[in-house]
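Got a structure for you, questions after.
Going by the order they are written in, the chains are A, B, C and D; count residues from 1 in each one.
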Amino acid sequence: MESNPVEQELAPEIEDIVEERISVASQRQLIWWRFRKHRVAVVATALIVIFYTIVIFADFLATNVPADSEAFRGLMPPQQVHIFDGWKPSPHVCAVTGARNPITYQKDYVTDCTEKIQVRLFARGYDYKLFGVIPTDRHLIGLSDDTLRPEDYIYILGTDKQGRDMYSRLLFGTRISLTIGLFGVALSLVLGIVLGAVSGFYGGLIDNLIQRLVEIVRSIPSIPLYMGMAAAFPHDWSILKIYFAITIIISLFAWTDLGRVVRGRFLTMRDEDFVTAAMLSGASQRRIIFRHMLPSFYSHIIAAATLALPLMIIAETTLSFLGLGLRPPAISWGTLLQDAQNVQTIALTPWLMIPAIPVILVILALNFMGDGLRDAADPYSN
Amino acid sequence: MFRTVPTSRLLIIFSLVFAMMLVAVACSSDNDGLTKAELEAALAAQKPAVMPAAPAGPSAAEIAALVSGAVAAAVEDAVGAVPEGVSSADIAAAVEAAVAQGASEGLTAADVEALVSKAVEDAVSGVSGGPTPLSAAQIAAIVDAGIAAIPAAAVVEIEVIVEPDAPVLVGSPHITTDPQGGNIWPSIVLNNVPSSFQEAPMLAALVASGDLPPVEERLPTNPLVISPADGIGKYGGTWFRAFTGPADGQNMERPLKDHLLYFDTGMTDVQPNIAESWTVNDDATVFTFTLRTGLKWSDGNDFTTDDIMFWYNQMLLNDEINPTTPAWAVHGGETLLYEKISDVTFQVTAAKSYGLFIPLIASVIVAGPHTRGDSGGGGYAPSHYLEQFHPDFVGLETANANAVAAGFDNWSNYFLNRNHANANPDSPMMTAWRVTQSISTSEWAFERNPYYWAVDTDGNQLPYMDKVVLTLAENLEVLNLRAIAGDFTVMGRHIDIAKLPVFLENATAADYRVQFWKQPQSGIANISFNESWDGNAELATFLQNVEFRRALSMGLERDQINEVFFLGLGSTAGLCKGFPDPDNPGKYYGEDNVQFNPGPANTALDALGLDKKDSSGFRLLPSGERLVLNMPGVVAAFEDYVGINEMIGEQWKKNLGISVEVQGLERSLHSERAAANELMIQNWESSGRDSVLITPTHLLPVAGALFTDVLGARWFDGRDNAREPVSEFIKEQQVLYAEGISTSDPAVYLANAQRVVEINCEMVNPITTVMNKPTYVAIIKNNVRNIPNSLPFSFHAQTSGNGFPETWWIED
Amino acid sequence: MLGYLIRRLFYAVLAVWAVSIISFFIINLPPGDYVTSYIAQLAIQGNIIGAEEAESLREYYGLDQPSYVQYLKWMNQIRQGNLGFSFEFGLPVNDVIGERLVLTMILAAATIVFIWIVAIPIGILSAVRQYSIWDHTFTFFGFVGLAVPDFMLALIMMYFSFVLFDFSVGGLFSPEYVTASWSLGRGFDLAQHMIIPIIILGTAGTASLIRITRANLLDELRKPYVATARAKGLSEWRLILKYPVRMALNPAISMTAYILPFLVSGSIVVSVVLGLPTVGPILLKALVAQDMFLAGGIILLIGWMTVVGTFLSDLLLVWADPRVKFEGR
Amino acid sequence: MTEETNVEIKKPILEVKNLKKSFPIKRGFLQRTVGHVRAVDDVSFSIADGETLSLVGESGCGKTTTVRAIMRAINPDEGQVLFRTDDDETVDLAELSLSQIRPLRRNIQMIFQDPFSSLNPRMTIFQLISEPLLVNGIGNKQEREDRVTELLRQVGLRPEYMQRFPHAFSGGQRQRIGIARALAINPRLIVADEPVSGLDVSVQAQVINLMMDLQDEFGLTYLFVSHDLSVVNQISDRVVVMYVGRVVEVGKPQELFRNPKHPYTSALISALPITDPKNRGVRPVLEGEIANPANPPSGCYFHPRCPFAVDQCKVEAPPLQEVSGRLVACHRTEELELAGVTKHGVAAG
């Protein structure tokens, strides 16, 4: 009791230096450090970043106009891109020719590797606008300009029955499916945060009503409801309208998870001492909510949103598959898979099912990423 | 939910999924080693097989005949000069090459004949030196062997209907056409009733036990005698099929025909059926029908004209059962008058000439109660059974009370349900098989009708097969997969043409063959321009302009559509291909309109004032607004209309610089919007030209048609919210129609029907894309007999009913 | 306890009512009505019906009345156990969906049982033999199952079960049992046909239950009482089965309530693909054809069944785990 | 320690009169109120300028509710909280709206029990300590920084730590940060809700000493809440003992502990580890559970646990009355000779 408490407190200097980095680390940095340890989540995040890069650069990455069809090269299997010609680096694809076999009625294609079609990076292709503004015709990969003949083509993932490039279509489908999910999550977030916050902040009867609503919505099977509502769209709506309508429908049922997370957080947060402390120091309610409460759980919200995204994607895919969601000529993972949903695809042209791979990958990756975020969201838990 | 998964394992999973993706891509990449040359060789070797399926070419049988004949002749001519050393192989190769060339170029029989002669000549004369000269017989044998090998190579029998050179229009009752050459069809035999009758073993047992009267008592005195396609069959077996649910009643309504009159297999002749004869007065206003004497319902009760009058008085004229009188029963503004003359004779009187009435009676439009009973149609009904549900007999209160007790809202709903044999197996039927298991269960089943009124030429009571069993397959992929597995005896409905390669691949293993049942002169995807569309006055004038439509037609690459959606099995000709101009023999109406010809098309569009284009390369209307065609496609229809429209849109964009917007519309919404005159362009099928006056609504703006002139059709029908057709050709078609359905003169009827279609072709409305694809790809077990070698398809004659399924039988 | 039950029951009733409103709202959403679809269908067959006749048809079906009248009428019918009339089938809705609803629920219930039977032993195995080859294998399949869309898996499994094992394709019964009355053989046949749907439906739930069981058991195994028991020389398996497993089982039960709506949703999609005679395919058809009372009846009934199922599993949870507080829920 | 004796005659800075707060118990879907938890049941006391008043009692006796009601972190049901402002005006905090109170908050600040939860982990020390300045619009950024530097020095922390986050500090350090934050806007009254109970014993003493030093330096008034009698004894000028929302005894710590007049006070003392073996008074031991404030016993709330309870205690609630210069609420206070502790014993904690 005699010793000076101040001096005592200052004693462990060395430890301070070691922990300097952590001491001045913000919450965001702490979350990141913790998240980084979650290696799979990091890989998953990288994958998600790649996918959203595809969303932005779909045109640049595409090799063909996705709607460009040519009946007589329909159902062509994927072409392999050869990087080397012997030992010499010379990226090319082999010429493919074929026709409908008059006996089997299948499309028979034969690769002729004596005829090489040169492939290069940043090749010229169809005209498009990068980011919707910069007009250009450069594409990441494409056929080399100097050797290009009209009969040359490149179909990395083969073609569908109309002879359209599966690879380019997959890129554009990725654009629609991934953004529809994002919009849906954004909308669910708004609904979830508003209703969750109202519920958690005010409590009482409002809370009770909202909670009952959540319970009811959650106890009803969602697909029949999606189906019912989707069947109700005026089908002369433009693709864009249907796109947003589906987003709205899906989020009408998807907000409950987020709402629960937000409400729960608000309820705990409302009784946190630091919130009372802020109030007692004279802080306004707005400052309390936006400076103290929300930042304390935005990481949880992000995690919850990440985990909600796969559900959105699956819902869109399922609805489109049932013919109630997006419809051709819109290209989405759902419509691409709908095209592949038949016996002849499984039996004869399995490459049409390739769109399932990104669906699986993205769903897995989002789940892992969401898990990682959720674990890292509370850096003060231990 | 993934909380505790160690990271290392997840990395493994990720890499595995990636590996799967890579493998999937790698596997499906380059083919295994076939060179281009090898493929070409392989394809060339298979070329002869294309012969039977070449859309406009001769049939396999024809070629076989031609080739043998030609070769024999050629060799005979040349035999003296045959140099030594011509081997069998040489000749075979030459013939093969000639046939292949003929097939690939779609040449006519005459061309092939010439080619073969030349090939043989070449072979015979061009080779010098060698041991043995060939005899004519030897050469013929070689050729025969080569020809014989063709069907074998094709694994399955693929049969096509040869388009007749001289097309026959649908007949008024007075016209009888010759059976089409080369077709082996069942036929009915008149005035030659067998002296004794036999019955199926399953019925013989019942007769022996006394549960059923003997066959002679069950048959009418003058049963319908059918001569089967191949020959007399054997009793027994079950016909396995599949159906997609209660809305799929047509599935069995088509093969089971209980019409008073019915068509022949060629769908042109009206023949006796339940009625043994009929007469028409000179101005086609009075029709007298005579039923077979001694007809019985499937429950053994007598079938008389009382059953017809019951239907007329208690059903057709009852407002609750028929809130709207069916269009066919009203003519000249008045409902037809039915009168009983005797137990077997009744008379129908129309207010004015109604020449079309007899074909209508024979067609799906009237049909029988199995087809139309659920909506109160059908022309007759089992009065002895239905009286108990009708207020005229039991009183309104009882009738309603019974309905409510059974779960129905009111008596008329219940009555219609009771009259619908598919839903109510208790309802007596007149069909070859009667329902034993309702359509709303997961197995819809039928059993032979012991009172069926038809026999074969040996006096065997039909049908041959004991039962029909349809299993529920609500998903078409499931249904088709079952077909691939060989689960069905005969099945054409719901079979997906896109799966043809898979069907062929599995044909041997599952022991079935494939037949194409084609609809002559049928359009699959006709692009109709609504002349009364008024969404945009400027654009509307172009829709009404024949030059504009012709330009669009010439901007289409029809072979692309044919290849993608119909595996190249349709033809790209127009509606009037093989449709001679009476004044100008040899000319095909409008055939030049359906050729891909972008140069003249663009010139024509420029000349119409559509020569300005915007920065995206799309044509502008004279006002400067972009010309946009809106092409909604019906989703989940028989064909992939949205896909076809997408492709058409791309072609017009690429070839003509015209912008097209494609949407998928639900069928009901599509009809609703069409009825509201909101659609400028529609894409839909048209049934055969043969039936253009029986089912006119696809090609003609009459009778509520929603295609070429929606308001004009209303105008013709005398409805409100109508508008007189702008174009003269529409009015001309309407006049031709009105005259055609009234006339009692078959020549006028025929001429008018032909002229109506000619006008469609001349005025390029609708634009036809692909014609004559197989409507049904029929999967038939190899042991099923008596199926016509080619079965023309139609809606109005209810294929496969025109194949007389009661004569089909299963060989052990 | 009784108060809790009454409260849960009250919420369930409330949910049932909400479901009826939602169902009715949904079936009234589409533009047009059954008459529109009916006319369209007639038009395709060549029968053209005009506006005047359409109005009389609407009047006939009661479609001309304001929607609240239609709702009350519908509710009144439902009170009498009559779900209304299916326009397309021409039959009372009850007759249309009777057996299908039972099969839907059998499928969902069988899937839950499947999930328990598969996931719990595997979860225990994975926890006890953490990082073994089994643990890795199950984890892998669990994740793939979780991410592959149901409808995709359904068709592929159906095709390969036919090609490789010659399974009869689709449906829930072999032809000889389709209309047979219930017997041991028919039950066995049904069980056989349910294998594929159950596997497809159950993968996602199984994967998550394995994870939950495994995680809970791992937590439980780290607790001191386990070490104590081990020190006392209790055999390993008896030790695990005695307490830790019981503790870890609770989430399995509580998950049931949560998973039921998902199973029903999933079963609809899978049924459409596999053509199973459940309510799924007819719901899709009814929605497309705007057969409103049929669609509404199905949505209503599966909504109710789920609410009841959730209620029952809540009760099960209370019975199984007395720690569940009555107040907080 | 302060040896002032005439605190009562000083003008009170805060006077609590008949404060009541109960929480409704809600049930069912409609959240109907089915009962009340009487957390604070008619509490009155006053605090003079520069005084340290302690509230003691078992957990759940309503101490925290009392101070939170005073602070208007919760709204009291009844009673007055009279606060004397800088301008020597008396305002009733219980009556004012929350917005009216905001300007007054700079006069009253609070130190929380849990130094971990009371500091927002997402804010730096600077942000935390300067927040009261910021929200009350005091000073520009530079001035605030200077003030924070000064405050950190005053509480014995290095100003360089200003940009660190709370997670970098130990419990004692954090409580110092909490004190610095409370001091930031020069309040006249500091309400400390169990400020040291979450800390190690050695650190507790440091913090208590710091608080007493700061009181000397700035002339602060403390309302000190604790269940730890030894801490209370060390810091208090006067002690208010509460039981189930009611005040049972008020007095100076030395007198109160040495010679408790209420059986409950005595029982509390008996729980202390070291007592004077020479003290021969009766030492009741607390048995049973604290009464349920939702359903308190009749009469004297303490009677079910009181070894001296008579029939009167069961029916009649004893009023708080003055007995030998102290306020006691017990029917039998005159008759009983209760055991206390020596000063030694208490201080030994």
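Note that a contact is a pair of C-beta atoms (placed from the backbone, for glycine too) under 8 Å apart; a residue touches a chain by one contact, two chains touch by 3 or more.
Just so it is clear, the structure is predicted and the values come from calculations on it, not from any experiment.
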In terms of CA centroids, furthest away from subunit A sits chain D
Hey, which chain is the most central one here, using CA centres? C
Considering B-C alongside A-C, which chain pair is linked by more C-beta pairs in contact? B-C
Counting only Cα atoms for the centres, state how far subunit C is from subunit D in Å. 57
Between subunit A and subunit C, tell me the centre distance in angstrom, where each centre is the average of that chain's C-alpha atoms. 27
Rounded to the nearest whole Å, what is the centre-to-centre distance of subunit B and subunit C, using the mean of the C-alpha atoms as each centre? 41
Whole-Å gap separating subunit B and subunit D, where each centre is the average of the chain's CA atoms: 94
Residues touching two or more other chains, restricted to subunit D: which are they? 29
For subunit A, give me the residues that contact two or more of the other chains. 212, 234, 341-343, 347, 360-361, 364, 367
Sequence positions of subunit B contacting 2 or more other chains: 1-3, 5, 13, 17, 477, 481, 636, 666, 669
As the complex stands, subunit C meets subunit A at residues 11, 14-15, 18-19, 22-23, 26-27, 29-31, 143-144, 146-152, 155-156, 159, 258, 261-262, 264-266, 268-269, 272-273, 283-284, 287-288, 290, 295, 298-299, 302-303, 306-307, 310
With touch defined as at the start, can you tell me which subunit D residues reach subunit A in the complex? 26, 29-31, 68, 71, 73, 102-103, 105-106, 108-110, 112-114, 117-122, 124, 131-132, 135-136, 156-158, 161, 163-165, 167-168, 170, 172-173, 176, 178, 181, 185, 203, 205-207, 209-210
Spell out the residues on subunit B that touch subunit A in their complex, using ranges where they run on. 1-3, 5, 7, 10-11, 13-14, 17, 20-21, 24-26, 28-31, 34-36, 38-39, 42-43, 46-47, 49-50, 53, 153-155, 477, 480-481, 484, 496, 498-502, 504-505, 559-564, 567-568, 632, 635-636, 642-643, 646-647, 650, 662-666, 669, 673
Okay, in this complex, where on subunit A does subunit D touch? 1, 5-6, 8-10, 19, 22-27, 30, 204-205, 208, 212, 272-274, 276-284, 287, 292, 295-296, 380
What residues of subunit A sit close enough to touch subunit C in their complex? 212, 215-216, 218-225, 227-229, 231-232, 234, 310, 314, 317-318, 321-322, 324, 337, 341-343, 346-347, 353, 356, 359-361, 363-364, 367
